[in-house]
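There are two complexes below, and they share chain A, which is joined by chain B in the first and by chain C in the second.
Right, the complex of A and B next:
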């Protein structure tokens, strides 16, 4: 019994020292998530990682059936900021393993249904609108546009 | 800190599960089965025994013959759990095997089926009088433990989602002897804690019926006592009878 206990203590010590060694950097086992182009999510990445599927509940349900006309999140905008360029400098489609959605979804073996109907490549105009100007300037541009009208 | 604790917990639990189960199986294998006692109707060839065991393992044949409604709950639970376990392989393999990917959506429904089967077995223990009379605390404990694991798992799927990427990195890390942070999520910690407890008590619990089935002489023996004399290993080692003792007929 004493020997068993000693073995456990040794094991705990070993693992404890292992943990300190591995604490400094994010693990190489974690998928490499591509950086997005636009302004960061106000909700934070951790929130988005867990809840994006609920935010993306289809407009068919939210707008058509439940009557919510102010759906804040749109797949089109996700795709625009999170575009990943392939070797030809053009955004890749979901067929490529490098596609933003697939990096994590492949890792977790979760199927993405969105792109059976929706386009997985960004709309170039929307990309410009969302990523070319920083947030402050974008607000200013919108204001100026409104004022000119 | 809690991540380290859980890492230690899972290393200890895995060692106890493997070594404990291995020791028990060794004990089962060494235990003599001196008598020829296959439950009839029993197959008369080795091939027949293999088929019989196959039916027993996959269809729970003897349970089907003895009690139909317990069989329904048992099948629901065991096959539900099989799919759920296969679904969980995605946390331990990178890249995920194609057939595990295929199982994913079915595994979600299987989670509900598994808990439903367990609930049925629990109701049986509580509401069937003669079953309640023979139920021991450990019978309830096993059911409640696995129900707890199932409910917390479904809870994480549908009510309080968790960062499964971090969970997968934690377990891939454990398999490569590195510790990565586990999300500090109540449901997850409860789920994993219950799983670790289950792994630890598996070798000393009634759940050993899984490997034990393969050592049940009443199912694994060939019914060929008429064709061949059955001589257990220890009896074969006895010295031959002395000549002086006459056979019964000669008296």
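Right, the complex of A and C next:
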């Protein structure tokens, strides 16, 4: 019984020291998160890492149920900005381990259901469409206004 | 034409971290959706595009439509990324051409059939999950996040307008997400309408087709469609069911 207890203590000690080592240096298992094309999120990456799902869920209801197309967070834009290119210089789909969403979701072992219906690759027409939408005009106007001040 | 209030409670909206939306600043517009649920929009002008004062609809002049023309169907399938094999009973069909012959007179007509965007939509009535819903501007849609694929709505729709997706899909159009296990139908090209445009079928009918389709706001007496409806005789299909479809046909 004593031996068993000693082994138990030893195990706890081992796990404890492993955890400490993990805190000092990033684990070699931690994913290498691909860089996005656009400007960084003003909210910060930590905020987005925790809240992206809630933001998307809220805004999807606004867009789909009420037709609000000027929402701040749209999956379409996430996908366009966070596209990762494969060896053929084309954006990879979620089938590839390199896909932006998969990098973290594989690490966290959380299944993504979005791509059963949504395309995991950016929409080639998106740039064209975005320039058509009034929201972009407004953003541009705001930007120019800011620049002139 | 009276549109009933949006009766779908937006359950998720109340749960969201509103802090983000306050950051945007500016004027606050508050819309009461149903008891206890409030939607907040920021930035001065109303940001929700589905205007409850509007009702989108279509008028199809059957005299102009010909049976050899398929422009609307082709345009829809390209726009929304679906395809149906000739004669398939299970492939998705958002819009199809139907040829009719009058038994007595022998008069032959051809017309496009799609979701009729009913005012009193049976698909919305029967849906157990509130996935089938009507936008404030009268467009009937399926919320695939909530659809459980029970297909009650397919049974309820008198126009056979809905399809069920049997196979896994990839490479969907970003404007028309669609996936296995859910039901879908014509969205009246809601993404185009919200951007101030008109459905792809109407565009195609005007350019490569016979110009038989007219799209517009049925509630606006100054719109082309309202003027045409006022001037010419038209019917809604199966008007006996009193569903008040948003799509109407003239010369049928």
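We take it that the second predicted complex is superposed on the first by the 84 of 149 C-alpha atoms of A that agree within 3 Å, B and C clash if a C-alpha of one lies under 4 Å from a C-alpha of the other, contacts with A are read in each partner's own complex, and residues count from 1 in each chain.
Keep this in mind: a contact is a pair of C-beta atoms (placed from the backbone, for glycine too) under 8 Å apart; a residue touches a chain by one contact, two chains touch by 3 or more.
For clarity, every value in this text was computed on a predicted model and none was experimentally measured.
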item	value
Contacts of A:31 with chain B and chain C, given as first, second, both or neither	first
Touching partner for A:51 - first (chain B), second (chain C), both, neither	both
Contact breadth on chain A, by residue count: chain C or chain B	C
First, second, both or neither for A:104, with chain B first and chain C second	first
Chain A residues contacted in one complex by chain B, in the other by chain C	51
Chain B-facing residues of chain A, complex	8, 11-12, 15-16, 18-19, 21-22, 27, 29-31, 46, 49-51, 104, 106-111
Residue numbers on chain C that touch chain A, as the complex places them	6, 8, 10, 12-13, 15-17, 20, 24, 39, 41, 43, 47-50, 133, 135-137, 139, 141, 143-145, 168-175, 177-182, 190-191, 193-195
Residue ranges of chain A in contact with chain C within the complex	43, 51, 54-55, 57-58, 60-62, 64-70, 72, 76, 79, 93, 116-119, 121-123, 125-126, 129, 132-133
Parts of chain B lying in touch with chain A, wherever the complex brings them together	3-4, 7-8, 11-12, 90, 94-96, 100-101, 104-105, 161-166, 168-169, 172-173, 176-180
